[in-house]
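Can you keep this structure in mind? I'll have questions shortly.
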Amino acid sequence: MAKIYTFLKYLFVILWACFVIAPFLWAISTSFKDFNSVTSGATYIPWLQFEPTLDGWSVLFKPGSQGGINIVGPYFNSIFVTLTASIISIALGTLAAYALSRYTFKAGIVQNNDITFFFISQRIMPPVVLSIPFFLFLSTLGLLDSLAGLIMVYIVLLMPIAVWIMVDFFNRVPKEIDETALIDGCNPFQAFFKVVLPNSIPGMIVAGLFCIIFGWIDFFFAFILTFTNVQLLPVKIVALNSSITPWWSLSAAALVSVAPLIIVAFVVERYLSKGNLSGALK
Amino acid sequence: MNFKHKYVFLLPGLIVLIGILIFPVIFTVRLSLSGWNSFNPELDFVGIKNYIRLFTEDPRFWQSFFRLSFLAVTTVFLQYVIGFALAHMVWKDIKFKRFFRVLFLIPMMTTPVIMTVIWRTFFHESLGPLNDFLGLFGLQPQWLSSPGLAKVSIIVVEVWQWTSFMFLLMLAGLLSLPKEPFLAAAIDGASPFKKFIYVTFPLMAPISIGAIIIRLIEASKIMDTVFVLTSGGPGTSTETSSFYIFIKGLREFQMGYAATMSFTYLIIMIISLTIIAKVLTKVLMRE
Amino acid sequence: MSLQLGNISLKPTEQYHLNDVTLNFEPGKMYTILGRTLSGKTTLLKTIAGLQSPDSGSIHFMGKDFLSIPVWERNVAMVYQQFINYPHLNVRENIEFPLKQRKMEPSLIDKEVSDAIKKVGLEGFEVRKIQELSGGQQQRVALARSLAKKAKILLLDEPLVNLDYKLREGLREEFKKLFKGEEASQSILIYASTDPLEAMQLNGDIIVIDEGKILQVGSAKDVFENPANAKVAEITNDPAMNLNNGTIQDNKLIFNNEIQFDLPSNLQSIQPGDYQIGIRATDIHLDENGFGFDVDISEISGSETFLHLHSQNIKCVATIEEVKSYEVNQVVKINFDTSKIYLFKESGELLHSPFKS
């Protein structure tokens, strides 16, 4: 019985692994093709079934004027916007989460849990719902097609995540530590920065990881709110999806864009195994 | 503990959030009461005409809503079952544990849109590898141009993308479980099957609920996949609520009506999710 | 130099309440706040520390209005029952923390920290991380941190309750020793406990509290010998003092038709009537010629046996000074040491105690 289970286990795991890898392999293979290789039917193995070229790859780094699809610029834009929005979200979100965990707020019938729910409910809104008003909002402020405008919008997306994770985390740090800091002469700010924060690094790392992930993968807001000046990676790549889609450069661009997060996957797994992540995610 | 300092902690984040949100939200409501469309791009006031139209003359909206529920529930269910199973399998005693864990985490780290673009080429009916393979068996399913299979394609892509997220949450949860109940089960000579039913699953109940809710919230916003893979088609077979709102608002520029749909959708979502959360808690906690 | 609480009240919530508490603490003395769980001991300590604000009442310390001074400016120290230390700092840094916060001279800090470490017996542990220490050691670090601060008010909330028995005994003695010395003569030590035995061993002034109200204040001896009312008698004894309704009539003390005896000489002057009769578990002995009681439960604890007995409507617990097992429903014969009988009015107030007439 146990043998059958083990066999099934490995089978399942391997099948799923193949499923996970499949699109990547396809993309890698496709990125080395040219027009003919693609349109004459599906082909897989380079040299055996088609002549590989580096067109798909080289064109990524040529600026548009030379017939290329420069993704370097959008790449850095994405990094900048994601990091900035994440940092601000974590900073403000952690502070708010601390307040919600430690203190009681009451404004009429609104209490702590309601305020927390308010933060978290921002995630329920589909991008579509927010995009029209945001479009007009940024337009009024003259921030359409700008990095600052986009960062503002991303903060709305990411702060709820930071608050969600950090409130849970703070609830599991004993209040008595805060109290001891107060008794030892710290005012509430000092108690937070000198005592609570140094012990919250694991939680903040988790919040940080999630903010970065969800910020990096956004497509819709960048799509609606930016045009020519500011271009983010996902938008750039989808824009290639026209009637004559250059599959090869598309695949190459896609691979380049997902590469950095593979590193993040390693980091997350490390953290997971060490047991730090588990506590924070509960 | 109640010090005045608490406001300094809470307010910056809250004010920033409200500040950035308040205009859009109020504007959406105001917009929903207007008849803004491409012929008449003005903020006039038509009362609840839009709402009446939505509830009585627009079955397409409600159909899109059912489609969305179907897709969301199906994908989240599959993600939960597969994600939990995978997490359980790479939890302990397996070769190349690390390799599998990292591999299974990768999909959620990728940008959904970008991967969907690749999937589009994958599902391509004449030039894609999938139909090439299936062609060996004489099958050439119309992945993207038949209504039923289009839904399947979306489900496949979503499952590929987000099972990884469930996997992460479940694995983190499993790793944080206390050892004692398992030791007790081992002493009692429980079989792996019994162990799962009576120890693992109940202990994971709260985490399961949290994970399902989080995924449902995110899944209900399915947009990128639909946008790239099928554009809501063929016809309207994969048109979800978000997509329909998108069409009405940003393609046909019936902003007023789109705002109405948005607001209604939001209320429905909040109510449904709250109910689902409560029901799930009752069901899973009882076991 | 004294700490005065005047009519302190906190509205009852699920965690906190105090009801019109007025207390006076003198420097150089140790006070034990004795009460059951949730009786308000922690609330009282937190109010003195400043972590809780009373809804009404006043607190004065050294003549100043304490309530207008926030926690971080009051010079108090507190040790919790859960071994609270700063997890991200090592032992030395933990103890230094309040001193650094106060911006003390570095050389002075070093001296104070070394002194404190010596006092609690943790030499050699300076650079250890908190997580590496045992429970007892962690608590000592917390204590050292409080001592190094030279706070005028030292608050201890059941500090030993999470330690094992032997450790508790040892540390309790160390506490008493630590608290002697000239610095101590200017500070106020307030120790909260649920254990009457511990309160007796500490031998300070006892403040009995129940449901947020102060029931009695007095020396350990006095509170033990002369509990102000039946509730105090319950709280200050473990097992609780046996209380049963009885009547004094016709020169006899009557519990029921089977259990009655002639009024002992020390009770002759009491008016006939209905009273609550109190007798300690240790003042009930096995006696072949005594009254028959049925055994409900027999508990062995350490070197003693606690017998839970009843006879019709009379219930009591007797402490037997040996380890012996009894069967349920077995009949044992016991007698009461009548010279140790307490009389409480039906309302609960003490009417007669064996130690005072």
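Every chain is named by a letter (A, B and C) in the order it is written, and numbering of its residues begins at 1.
Rule of thumb we're sticking to: contacts are C-beta pairs under 8 Å (C-beta built on N, C-alpha and C of every residue); 3 or more make two chains touch, one makes a residue touch a chain.
On a predicted model such as this, the values are computed, not experimentally measured, just so you know.
If you compare A-B with A-C, the chain pair joined by more contacting C-beta pairs is A-B. For subunit B, the chain whose average C-alpha position is most distant is C. Centres computed as Cα averages put subunit A at a distance of 56 Å from subunit C. Rounded to a whole number, the gap between the C-alpha centres of subunit A and subunit B is 15 angstrom.
Counting only residues that touch two or more partner chains, subunit B has 1-3. Looking at subunit C, residues 51, 70 sit in touch with two or more other chains. Contacts with at least two other chains are made by residues 179, 182, 187 of subunit A. Per the touch definition, subunit A reaches subunit B in the complex via residues 2, 5, 9-10, 12-13, 16-17, 19-23, 26-27, 30, 38-39, 41-42, 44, 92-93, 95-96, 98-100, 102-105, 115, 119, 121-134, 136-137, 152-153, 155-156, 159, 163, 175, 178-179, 182, 187-189, 192, 213, 216-217, 219-220, 224, 233-234, 237-238, 240-241, 245, 247, 250-251, 253-254, 257-258, 261-262, 264-266, 268-269, 272-273, 275, 277-279, 281-282. Put simply, subunit C touches subunit A in their complex at residues 46, 49-51, 70-73, 76-78, 80, 82, 84-88, 97-98, 101-102, 145, 149.
Considering their complex, residues 174, 176-177, 179-187, 190, 195, 198-199 of subunit A touch subunit C. Interface residues of subunit B, counted against subunit A in their complex, comprise 1-3, 5-10, 12-14, 16-17, 20-21, 23-25, 27-28, 31, 82, 85-86, 89-90, 94, 98, 100-115, 117-122, 126-129, 131-132, 160, 164, 168-169, 171-173, 175-176, 192, 206-207, 217-218, 220-221, 223-224, 227-228, 241-243, 245-246, 249-250, 255, 258-259, 262-263, 265-266, 269-270, 273.
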